Every structure is written in C-alpha cells, then in structure tokens.
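The structures come next, written out as structure tokens.
Look at the two complexes coming up: chain A is in both, with chain B in one and chain C in the other.
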Partner chain A sequence: MLEVKDLKKKFGRKQVLKGVSFTAKKGEITCLIGINGVGKTTILNAIMRLTAINGGQILLNGESITKKSYEKITFIPDAITVMPHMKISEAMQFMDDFYDCWNEKRATELLDFFKLNANDRVSSLSKGNTAKVNLLLGLAMDVDYVLMDEPFSGIDMFSREKIAEVFTTHLIEDRGVIITTHEISDIEHLIDHVVLLDNGRVLKEFATEEVREQEGKSVVDVMREVYQA
Partner chain B sequence: MSNYLKLVNFELSRFMKLYVVMICFTIIMQITGVIVKSKSYMGLANEEMYKNMMSKTEFINQHGEFSFYWLTQSIWFMGPIALCGAALLFYMFLIWYRDWLGKNTFIYRLLMIPTARMNVYLAKATTIFLMVIGMVALQLALFPVEAVVMQWMVPVDFRLDLNILQTIFSLNFAAVLFPLTPTEFFLWYGAGAMSILVIFTAILFERSFRWKGILIGVVYIALSVGLLMLPVLIDEFFMYGYLYPIELVGITIVMGLLVTGMSLFTSHYLLNKKVTV
Partner chain C sequence: MKINVNKRDPVYVQVMRYFKEQIATGQLAPGEEIASRREIANQLKINPNTAQRAYKEMEELGLIFTEGNMPSRITMDETILTDVRKELVLEAVTEFIHSIQSIDVSLEEAVELVKENYNRKRAD
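Right after this comes the complex of A and B.
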C-alpha cells in the first residue's frame, strides 16, 4: 500500500499542498484529478523524493521511501527522461545496468506493442513516440507501483488509444497505478479510485465502482458536481 | 561501489566526444606550434647568416639556442592548455545543468536510480578529476614527441635539448600541473578535488533554492576559500612568523580536509532532502 499522509508543500510563500492524504493500493488504478497548478505533479515528485516537502509522510508498505524503494515503485513523468542522443536500445541498456527489477523480456514486448524501433535515436522521435519510450522504460520494470504524470498530454488520438490499451493488457498486471490526467475520457472506464484535488486539499475521494453502482454517476459527473458546487 | 563505477563510466562516455576533440586540438596545435616556431627560428638563422653575413656563433650568442622554452612561451603551446582548462571549468557546471535544463530532463533518471544519490555526485566529480589527470598525462606524453619533431626541424648546432624534467622546470605553472613529489601531488591535486566539490555544492544550493541558492552558493564558495586561507591570513596579519612554515602547511591541509568534509556533508543533505527536479 502506498500512503500519502498530510502532505504539505510550499513554493516560496505559496502553500500548494495543505495536507493532502490518500492511499493507493496494489492492483488498483488511482487517478489524481484537479485543475492545472493544483499540485498533482508535485505529489508524484514528492512520492519519488524529487522535491522537498514541508510536512507529512509518504509510506510504501508502511516504510518511508528510500533508494531501495526505486526497485518497487517507478515514475513516468511528463518529461523526456532520456538523453536526446541515446538510441532506444541504449536507454534500455541504461535501465538494465542500474535496476535489478528491469525485465528485458517485457521491454522487448513493449517495444513491439508500441511499434518502436530500438535503433532510433530519442531526438528523432515524435512527441507521441517519446511518450511511448517513457512508458516503455517505466513499465518494463517489475515494480509494485507505477506513477504516471499526464501520459496523454499533447499526444495524438491514435497514440493516446495505444497508451490507454496498456491498461487493459497483461503489461500492467496487478500493479498499483497512480495517474494524473486531464483526458479522463480516455481511461475513465479503467479507473478504480479517484482523488479530486482543489486548493491544496483533497476535495473528495471515492471508488468509481461504488459511485457508478450506487449513484449511477460517472467520474465526470462527480467532477462536475464537486467543482461546480 | 558497482553503481558508482557504472556511473563514472557513463559520465566519461557522455563527455568522450568533446574530450577527444580537446585531445586532437591540443596535439594538432602543439605539433603545429613546434613546426611553425622551428621554421621561424631557422628562417631567422638563414636570414641572419646568409643575408647579414652573421656567423653561427654570433647568431646563437645574439638569439640563443632553440629550445623547448621557445615553444612553451607561444600561443601554440599555451593556447590549447588554456582552452582545455576553460573547457573543463565550464564542464564542471555543464555536467549538472545539462541534466536539468533543456528539453530532456535526465536528472529524473539519475535521481531515481536505486543507489545512494552521492554516487551520482561522486561519479560526476571523479569524471572531472579523471579528465584533468588525462589532459596532464597527455601533455607529459606530448613532450617527447614534440622534442623529436623539434630535433627533425632544427639542426643540433642550433638547438638546446632539454629532458622532460628540464622542460617542466621551464614552465611557469609546472609546480601545479606536474608535481615532482607525491606530497606536492596530494597537495595540488587535493586542492583541485576540493575545489570541484565546493563548486558542486554551490551548484546544488542553486538547484535546491534557485535564486536564493545562487546567493547561498556564492557565500558558500567565499566561506570555503576563507576557511582555507584562514591560517595564512592569521599568520600574515595577526601573528606574523608565529608558526613554522611546516605548521602553516599542516593547518592549511586540516582546513582543506574540513572544507572537503563540509562540502560532502552539505551535498549529501541537499541531494537527499532539498534538491528539486
């Protein structure tokens, strides 16, 4: 279980996160939703210790995140995280060199799935294909949790469909996923758990199945209800 | 340890293209320099002897024998050394900032490697250090080659052959770049390594606190230099001649170790608690 407890973060004088708490479970897709600047990326960065926090706790299976946690949790940020002159094969080799949890077989499978050429240089790829390389590097690791920051941002419809397809294949398996996205419609039917954020706090947290069955509402319906209230 | 070595290898391979360019540039410039300077000396000798009817002895008395010293005082020799020095100094900043800035933010990958973040830091510092050592070794290897070229170009009567040690002694900066004793090596190269760590720490301050970090970084560098110079300053201005030179050196070494330790400790803290992608 990945627990975010009372997370606080300031940028200068601006308090971006004012005590955010939620839990993500293995085998579930948790979606963080909120308008731009609400702190979704900051939460993911904080989980990965990529930004300093001003308060709160982040626990993976009851323990603080350490360097060892990077073998259990991976982050696919909304940024190109490989060097431009690298070939895809070289980026894969880099991961293989440093991560025990790197799964070469799955990496090759993902390469085929995304129809990428291992000899292509990252600098020569389109935005969609670069996003796919980022996904490949993150998903080819045998980890318990995958964090994804805006995986559909600025990508064409066909690439978005291909990326969304990942969630319905064995490539995700029973891993826990925390995803931030504005393109809810692409994955709405796949989300298990939603955390709605606003003004640095959690406005509402719910299980999509429950809301669908008990109230007959979609995620977008609940979003409208909460944000337009 | 294994991840540290892998990271060093990775950083070295990232810089290798530019490094090979620097090596080729140094070799070409210095060898060309030997040829140009030798030709110009011999041209002058021919002119003086055939046109002005000067004897060989007179010419040598007036202009001196051609030795390596002629070359070392020219832009052909000093130029590449200065340029490589500047490139390595620039690379001390680039080695960090290229991972953060630009379209590709490789720093995400580096900070998420399941190893101590200090390995990333030490690998970058080691890379710079090895590059410097490599350039110095190249220069040492070039001296005999350049001497042979000089011997081809200038007849024995006109030249003064120097061995490597004599050549090194003829350079102004020899004591720093080419230390002759292990103690000197540890002193000068230790000071160099310490400088790399101090600058890296200042960079991490900037990466952690951005605009405020620049100020903190500058203050940190000033503080480090101040601490290192403290024994000398006290001896010079407050207790003149109170300490023996060996004691002064000893205390300065202790201060250097203190600054190195302070840089490592601060960098460890910043990398683990404060740095932001």
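Right after this comes the complex of A and C.
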C-alpha cells in the first residue's frame, strides 16, 4: 500500500498542496483527477522525491520511503525522456543496462502489444507511438507500483484506446497504478479508485464500483457534483 | 465478444449479466468450461479485478464452479439454470411494462402490438 499523508508543497509563496492524503493499493488502479495546475504532477514528483516537500509523509507498506523503495516504484512522466536519436531497441537496451528490475520478456510483450517496430527511431514516431514507447519503458520494469502522469493527454483516439487496453491485461495485473488524468470518460470503467483534487486539497476519494452500486452514479456524475457544487 | 459498458451500473454486475445471457441462450452449455479471469478481462476489455469480482460472485451464486486448478465451468444444476432464464425474462418484461405504463398504453393494446410486431422484429 502506498500512502500519501498530509502532503504539503509550496512554490515560492504559493501553497500548491495544502495537505493531500490518499491511499493507493497494490492490484488497483487509482486515478488522480483535477483540472490542470491543481498539483497532480507535483504529487507524483513528491512520491518519487523529484521535488522537495514542505510537510507530510509518503509511506510504502507502512514505512517511510527510502532509496530502496524506488526499486518497487516507477514513474512514467508525460513526455518521453530517452534520447530522440535512439532506436526503440537501443532505448530498451539502455534501460536494461541501467535497471536491475528491467524485465526483458515483458518489454518484448509490450513491444508486440503496442505493435511497435524496435528498429524505429524515437524521433521518427508519431505522438501516439511516442507515448506508447514511453509506457513500454516504464511498464517493463518489475515493480509493485507504477505512476503515470497524463498518459492520455494530447494523443489520438486509437492510441488512447490501445493505452487503456493495457489496463485490461496481465501487463498491469497485480501492480498498483496511480494515474493522473483529466480525460476520464475513456477509462472510467477500468479504474478502481478515484481521488478528486482541487485547490491543493482532496475533495473526495471513492471506490468506483461502490459509487455505481450504492448510488447508481458514474465517475463523471460524481465529478459534476463535487466540482460544480 | 464485447459488452457495451454502462457507466452507472457496477461493471462486475454487467459481466455477470453477460454470462447469464450466454447461459440463458444456450451459448454456454451446462458444464462448459469458461475463459479464465485473465482471458475474460482481456476479451471484454475490463479490469482484471472486476473479472475476479464477477467470477467470485458467480461462484457464490452457484452459476459457475471450480474444481482444484481446473478452469471454471458453468453449473449443471437445472434449478439454477432455469432461474437464470426466468430472472432475465422477468427483468425484460418488467422494463417493458414500465415503458408502456409511462406512456399510458393499456395491457390489451400492448398485447395486440406485441403479437403484431413480435415476428416481424425477429425477422429483421
């Protein structure tokens, strides 16, 4: 279980996160939702210690996160970080050289799943295929938690569908996923857990199947209630 | 094989309904092996957790059973199988009654129209 407790973050004088708490379980897909600028990416960066925090705690299985914890968590940023002149195969080799948790077999499966050609250069790819390579490089790691920052943003419908399809396969099964997005309608039936953020706070946290079962509401219905109240 | 997911009903309930329809129409026979949880998640394009939940509920209701490490199978219990069909028929009829009552159609008129259109619709 990955717990974010009372997370606070300031940029200059601006308090971006005012005490954010939520929990993401292994084997579940947790979705952080909020309009742009609400601090979703900052939360992921804070979990990965890519940014210093001004208060709060991040716990992995009840214990404070240490250097070692990062062997169990991977972060897929919203833009690809490998060198654009690399071929996909070279990027994969690069990851293999650098990470013990790189899983060659799963990487090959992902290549096949996304119908990518290992000989293509990253710079020659469409936006959709670049996003798929980015996901491949993150998902091929043998980790317990995967953080994905806006994996659906700015790409075509068919690529979005293919990326959403990952959530229906064994490529993601048993892992905890935290995903940030504002494009919820494509994936609302695939996610387990939702955290609605606004103005640096959590407005509501809920289990999707529970809300459907007990209130007959879709995720979008709940979002309308919460954000337009 | 696909289900059109409705966003306001629990997805696991919709998966169970999909299986009930397959059973009621004979597309899944008594005792027939069904896809694994992982396969069904992929085929129906749903989250594997949801598939797991649906199978667990179906197991509890006696719709499917699993022996050891074998694939799950459709029940052979006649009572349960008959009830599945009854449940689906009753659900459809209730919905139909609801629709015609809301536009003030009498039973006689509805029956007449059903008779008139039933075979035509089936031929479409």
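Here are some notes:
The rule is short, and it goes like this: the second predicted complex is superposed on the first by the 229 of 229 C-alpha atoms of A that agree within 3 Å, B and C clash if a C-alpha of one lies under 4 Å from a C-alpha of the other, contacts with A are read in each partner's own complex, and residues count from 1 in each chain.
Simple rule for what comes next: a contact is a pair of C-beta atoms (placed from the backbone, for glycine too) under 8 Å apart; a residue touches a chain by one contact, two chains touch by 3 or more.
The structure presented is a predicted model; accordingly, all values stated were derived computationally and were not measured.
Superimposing the complexes on chain A yields a three-chain arrangement in which chain B and chain C fit side by side.
Once the two complexes are laid over each other on the shared chain, residue contacts for A:M83 go to chain B alone; chain C is not touched. By the document's definition of touching, of the two partners only chain C reaches A:E213; chain B does not. When the two structures are aligned on the shared chain, A:E205 is found in touch with neither chain B nor chain C. Using the contact criterion defined above for the overlaid structures, shared-chain residue A:E3 touches neither chain B nor chain C, since it reaches no partner.
Centred on chain A, the angle reaching out to chain B and chain C in the chain A superposition, using CA centres, is 160 degrees in steps of 10.
Look at A:A52: by the touch rule set out above, it reaches chain B but stays clear of chain C.
Judged by the touch definition given at the top, the superposed model places A:E183 against neither chain B nor chain C. In the superposed model, A:K67 makes contact with chain B only, not with chain C.
Within the superposed three-chain model, A:G27 lies in touch with chain C and out of touch with chain B [touch as defined at top]. Using the contact criterion defined above for the overlaid structures, shared-chain residue A:D97 touches chain B, although it does not reach chain C. For the pair chain B and chain C, the least inter-chain C-alpha distance in the overlaid model is 28 Å. Across the complex, chain A meets chain B through its residues 45, 48-52, 67-71, 74-75, 77, 79-84, 94, 97-100, 122. On the chain B side of its complex with chain A, the touching residues are 3, 6, 10, 14, 103-106, 108-109, 111-117, 208, 272-277. Those residues of chain A lying in contact with chain C across their complex are 27-29, 165, 167-170, 172-173, 188-192, 209, 212-213, 216-221.
Chain contact summary for the complex, chain C toward chain A: residues 5, 7-13, 38, 41-42, 44-50, 53.
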